[in-house]
Amino acid sequence: MNALLEIEGLRVRVPYEGRLREVVGRVDLSIADGESVGLVGESGSGKSMTARAVLRLLPPGARVEGSVRFDGREVLRMSPSELRSYRANHAAMIFQDPRAHTNPLRTVGDFLTEGLRLNQRLPKRAAEERARELLRAVGIEDPEARLSQHPHELSGGLLQRVMIAAALSAGPRLLLADEPTTALDTTTQAEVMAILAELRDRLDLAMLFITHDLELAAATCDRTAVMYAGSIVEVQRSADLHDRALHPYTEALVAARPSVHTRLRRLPVIPGRPVAAFQAPEGCAFAPRCRYALPRCTAERPVLASLGRGVVACLRAEELHPDGFAAHGGADRG
Amino acid sequence: MSPSLRSRLHRRLGPLGVAALAVIATLGLMAVLAPLLPVADPTDVDLSDTFAPPSAGHPFGTDSNGRDILARLVWGSRTALLGPLTVTVVATAVGVVLAVVASWRGGWSDGVISRMFDVVFAFPGILLALVVAAVVGAGFVAAVAALSVAYIPYIGRVTRGAALQQVRQPYVAALSVQGQSATAICARHVVPNVGILIVAQATVTFGYALVDLAALSYLGLGVEQATPDWGAIVAAGQSDILSGYPQQSLYAGVLIVVAVAACCIVGERISDREQYWGRLR
Amino acid sequence: MAGTLTIALLVIGACSGGDGRGGRTAASASTGGNQRGTVLSPPAKGQIDGFTWALPFEAVTLDPIKSWNYPENTILANLCESVVRLSPELQPEPGLASKIDTSDPTTVVLTVRDGVTFWDGSPMTAEDVAFSLNRNLQPNLGGYFAPFWRNVASVAATGPSRVTITLKQPDVLFWKTLSLAGGAVSKKAYVERKGKTYGTPKAGLMCTGPFTLESWTPGQSVVMTRYDGYWNPDLRAKAGRVEFRAVADQAALANALVTGEIDGTFYAPVAAIRRLEASGAGTLYRGASTLAQGLIPRLDGPLGDARIRKALSMALDRSVISEQAWGGAASPLSSIAPATTWGYARDVFAKAYDELDIKPVADLEAAKTLVREAGAPTGTITVWSSAENRPAVTTINYVADVGKELGLNMKVETVPIQEYATWAYDPRARAKTGLFHTIWWTDLAEPLQALWPLVEPQGSSNYYGYSNPAAVEPLVKAFAEDDDTARARLVTQAQRVMVAEDVMWIPLTNVATLTWMSKRITGGPVSVPAAFYTPWAAHVGTP
Amino acid sequence: MPRFLVTRLVGLAMTLVVSSFLIFWSLYLAPGDPIATLSGGGTLPPEAIQALSRQYHLDDPFFTRYAAWLGDVVRGDLGESFVFNAEVADLIATRVGTTVLLVAMASVLIVGVGVTLGVVAGIRGGLLDKGLLLTTVIGQAVPSFVAAIVLIWLFAVQLRWFPAIGSGEGFAGRLQHLTLPAIALALAYLAYVARITRAATRDEMAREHVETARARGFSPSQIARRHVLRNAMIPIATVSALTVAGLLATTVVVERAFNLGGLGSLLVEAVVRKDFAVVQAVSLILVTAFVVVNNLVDLVYVVLDPRVELGAAR
């Protein structure tokens, strides 16, 4: 399997109140062509920033280290025009809040045809025709009427579909979805996820799916990566994740999520508060909240290492999972 | 200034804002302490010593009447700052009360008060001052009174908008249910919560009022020429510029610009940070 | 004479005047105001397309019978001529009347000049002259000169070229006042057609002067162009076009003069004397003038005691005011009527002037002693002046400062020039003042004209109700006194009582006319009010 | 949309009626007899007093007087000035052109230069932005008369590029004469508008939808043109229009400094001469212009922002 996207040693620092602050500490992740990877973490864990780093869509003054390779090309060193072409044609992104992420003053039609006309250089009429097709493709009836409407006249779910349609208009190979359903209500959420899944399938699209919802990621994606305090702490096949979480944090996340299978009187909560990368203490960032933490956990920072079919960054991983999957070896690198 | 206050100010206003605040404080102090400062009598005329160059006795030289320019600038800060201060205090007091009443009572009261703001807003400060001057005669008091009225809607509209948001907050309903009186809720909670915004708007108003009053002095419709006042000093010195004595107009002009710029900076900084923090919260 | 208001209250901005050189030599009391300043600029050599002239503020009307103030007279002198004209020395000469017969003390017979045409080409007739003069007698027209006409019984055309004015009683000065705008002749038919709008921007004028009124745009300019059919070939205008612009702000005016945007003015700003002279852009003349700067004290209240008023007068240094407030464009003055008004019996006036014994230099100690004798008064004395007039403002600031040293409590108040003018006719405004700063001009070379309004019982210029028979009676007699020397004696006798004894007027300076002419132009009078009563602009051409 | 318009128009009309009433009523606040006030304190012949009484309907009850006065004003009859001896309408007619042209030129400067500077600084950022920020914070604080003094001294007296006074003749002459006054008038507002524009541009730049545009690979100039400017235009238009409306009152000072015969100098002249008819007429015109321009902004909203279409009154 060839990696379409390879992130290696990604570190992002952004200026805040005059100082550079680390929001992504160390991320190593790769996505194969057509593969979907979920990136799970609490707010502030750096997952959105990681996705933006893939498009080099960072706030002014941000410092990025490491490497982001798309189809073998280094994104972080692309010239402005290469970068624009990369964003326009190869990688697309959809966002959490479709309303905020569409220009309120422009019609849906403008929004959709804009990319086609500016990037694909389609003539007006052709662009409009294509926009109608795109809307139909994301399950929107009467595209004609929608095209002349403004974003505030559309529901959130509908608008997110428009966003998806726009993202796919250039036929990208990679879709970055930043919590695309968080702002939607549950039924709409399911619809949007279904459309995403269907389109991905049809277009053989790779996807990085950012969410705070471990279950959702696991249900949607081939593999799932878990982030804590700016770093990836675990990557596993989604199928394995629920029952065999390798990292104590993942384990806690799984436990904290109510499930139709488990009936508990009270959901276990993770003690303490999540921290951002720049707030992370010495040693393992999760140590202060970890029920397995030992004194050495606060002194030594763990790095990602293979364990079984996944990778995990925990000093006690092997010890806590003695049944081990080490035998399988050669697991996918995170 | 305690270190914690200093750092809080610094965070709130930024370095430029703190510098601007220091300028305002210095000018204010100069105005308050004018009688104690070692400067000459600003109305002392000496026709045998006109347009004197700077000397020990007259550090900034003298004007066309042989009066000490430094003394006139120092004493001029009293008129130049007291006028706008009065305008700001009156306009703020009236504007805030009206705005809070409007936002609290809503409905009919709100309609009438908002319409009042609209009407007064239609009279720019200088215009209102001119009309008042035509009615009761020109003068400092008339100008200050007119501007005090003219600036009410500038404070009132902003306060009303902010107070309206506060009044809709659940905490207000909660306090109301607890039996607190409307006056108490407004005075103890609503006004303090929009306080920063009011302070910001008042600071900017101060700057504008300063310019307006100086302009009226320039038109000869403000303070009496013998009274030291920055605007009047600029105007009086204007004809001396051609004769090669730009000093007094220059100094007074610079003081006006500095004072107004400082007010604008502080006002903007306060409201900027407020919005910024508001967004973060 | 009949002229209550013969002395115009001068409300100009940058006024100026007197005689600069005289000012300096006149520092000794005996010659104060006794010098004659420049009256004429070098004659023009050639024609000029046009020039621009600045006025201190906008003309309100150009109807001759209402034109008494600075801007109106500056313009009107070139448009509407009077039956009598004044020489640069303010002596009356024949104007539109080729002969003025005053041999009978109660009639004035005017012979209407032949060959004079109005701008429309129609000839001027006796009917036009009688009609124009008669307008002064109609109270509903609101003519300014009515007080001069109070002794007039009737005006009638008594022949094809004869107009007879009948007086109720002898008035030796009346005919001389026909040189003012009230004596101007307008075309009867035109005035009747325009009614009360005559002399407004819309209705315009119809007169005989060397210039016609081309346009009057309020807020902008008054433009006059040469009248080619003018009756007097010697006075044919050298300029094709003259534009008047009102510039109230002294700094703006100074800028405009230095940059040559405006060619000239009769009131160059005192503050810009140095700069104007250094600019090389033109010539600054210190023209002779009858302008007298003085303070009129209230006769009750803190200044109620004549000794206090006298002390104030003694404490003021008139040479300092001349040199510093006026930048040398004024000279110390001890009397109400300056030497430029001494049109006759000059020796009598000069001797009386010296006897007034009001010194140009201050005697502060003597003044303080006098105040101690009288007891320093309590109560605030408001000193009033126009705000635009820089020298006036400097002067009253100085007066207030001197007053402070004498232990008088003085407060300075300056008002915009137009509001200042209301003081003259509004008793309410006057009620607030304790000491009024003023600059008067006298139109005729007749000191009686300067003094009478100040003492006239119930007169509108007798601001603080002054009434001392010792001053009033000699002046009343003077009106009927035909003999110049005798009249001069009566006048100086009254002046002595007014100035030296009662101190109802504190004389300060005789102010020069600061006339500016750019290097493009020259010619004609540089002295005000002389320029107001002769078509001065007709003389102006290239140097 | 019609409902929105009707609400605005009713509000506009109410504001104007109340303002005109205040202006009318102010005459009666002046101490003393209205006749004396109207005549500027001078003594008038009985005929003139009768004419005044007729013109101001002084024998009628107060509200009848007001209605009659308003009726006259609406018909364009602004009365007669006894101080200037002229119809007020004529006095205004000869001066209004200068003021309108001056305000128009200043507006072009404010909107053209101010908005351009603000946009450039807002988008480019960096040193240019910092420099502009500092310049405008000072520029914003320069009173127009101070600017006028400096401009006259430098450009009229020293360099002689422009005339020092007057409003000139012919269109070119007027433009040349009004250049310095327009700059003096515009300076502080220009700085203010530039600051607001910069802030609005930066706010818009930080918006999520701009991030979307970037993510879609559009070039910075495409983004600025298609997404930032159009959206930032709403606050910019509001502030610009308010500023331009406010200029009408501020010309008073500049007209004085440059000796221009405009509405402002007429107003000052009328104030000091206590010519009430003119004061009332000119203030009414200035207030009306201010209110109308202000309300036009609300209509601009409808054009610029589809969201307010049905929003009724704010």
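Chains here go by letter, A, B, C and D, matching the order in which they are written, and residues are numbered from 1 within each.
Here is the rule we use: a contact is a pair of C-beta atoms (placed from the backbone, for glycine too) under 8 Å apart; a residue touches a chain by one contact, two chains touch by 3 or more.
Fair warning: this is a prediction, and the values are worked out from it, not measured in the lab.
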Omitting chain D while every other chain stays put - resulting connected groups: A | B, C
Minimal step count in the chain contact network, chain A to chain B: 2
Which of C-D and A-D has more C-beta contact pairs: C-D
Chain closest to the assembly centre - both centres taken as Cα means: D
Farthest chain (mean CA position) relative to chain B: A
Whole-Å gap separating chain A and chain D, where each centre is the average of the chain's CA atoms: 53
Euclidean distance of C-alpha centroids - chain C vs chain D, Å: 41
Cα-centroid distance, chain A relative to chain C, in whole angstrom: 92
Distance between chain centroids, defined by C-alpha means - chain B, chain C (Å): 46
Contacts with 2+ other chains: residues of chain C: 249, 251, 255, 258, 415-416, 419
Touching two or more other chains - residue numbers and ranges from chain D: 149, 157, 256-257, 272, 274
Residue numbers of chain B (touch at least two other chains): 138, 220-221, 238, 241-242
Inter-chain touch pairs (all): A-D, B-C, B-D, C-D
Contact set on chain B toward chain C in their complex: 43-48, 50, 64-67, 137-138, 220-221, 224-226, 238-244
Interface residues, chain C side, partner chain D - complex: 58, 60-61, 139-142, 199-202, 217-220, 245-249, 251-253, 255-256, 258-259, 261-262, 415-419, 422, 425-426, 428-429
Complex interface listing, chain B residues touching chain D: 115, 118-119, 122-127, 130-131, 133-136, 138, 207, 211, 214-215, 218-221, 231, 234-235, 238, 241-242, 246, 249, 253, 256-261, 263-265, 268
Interface residues, chain C side, partner chain B - complex: 249-251, 254-255, 258, 269, 271-275, 317, 320-321, 323-325, 387-388, 390, 393-394, 397-398, 400-401, 412-416, 419
Contact set on chain D toward chain A in their complex: 125, 207-209, 211-219, 222, 226-227, 230-231, 304-307
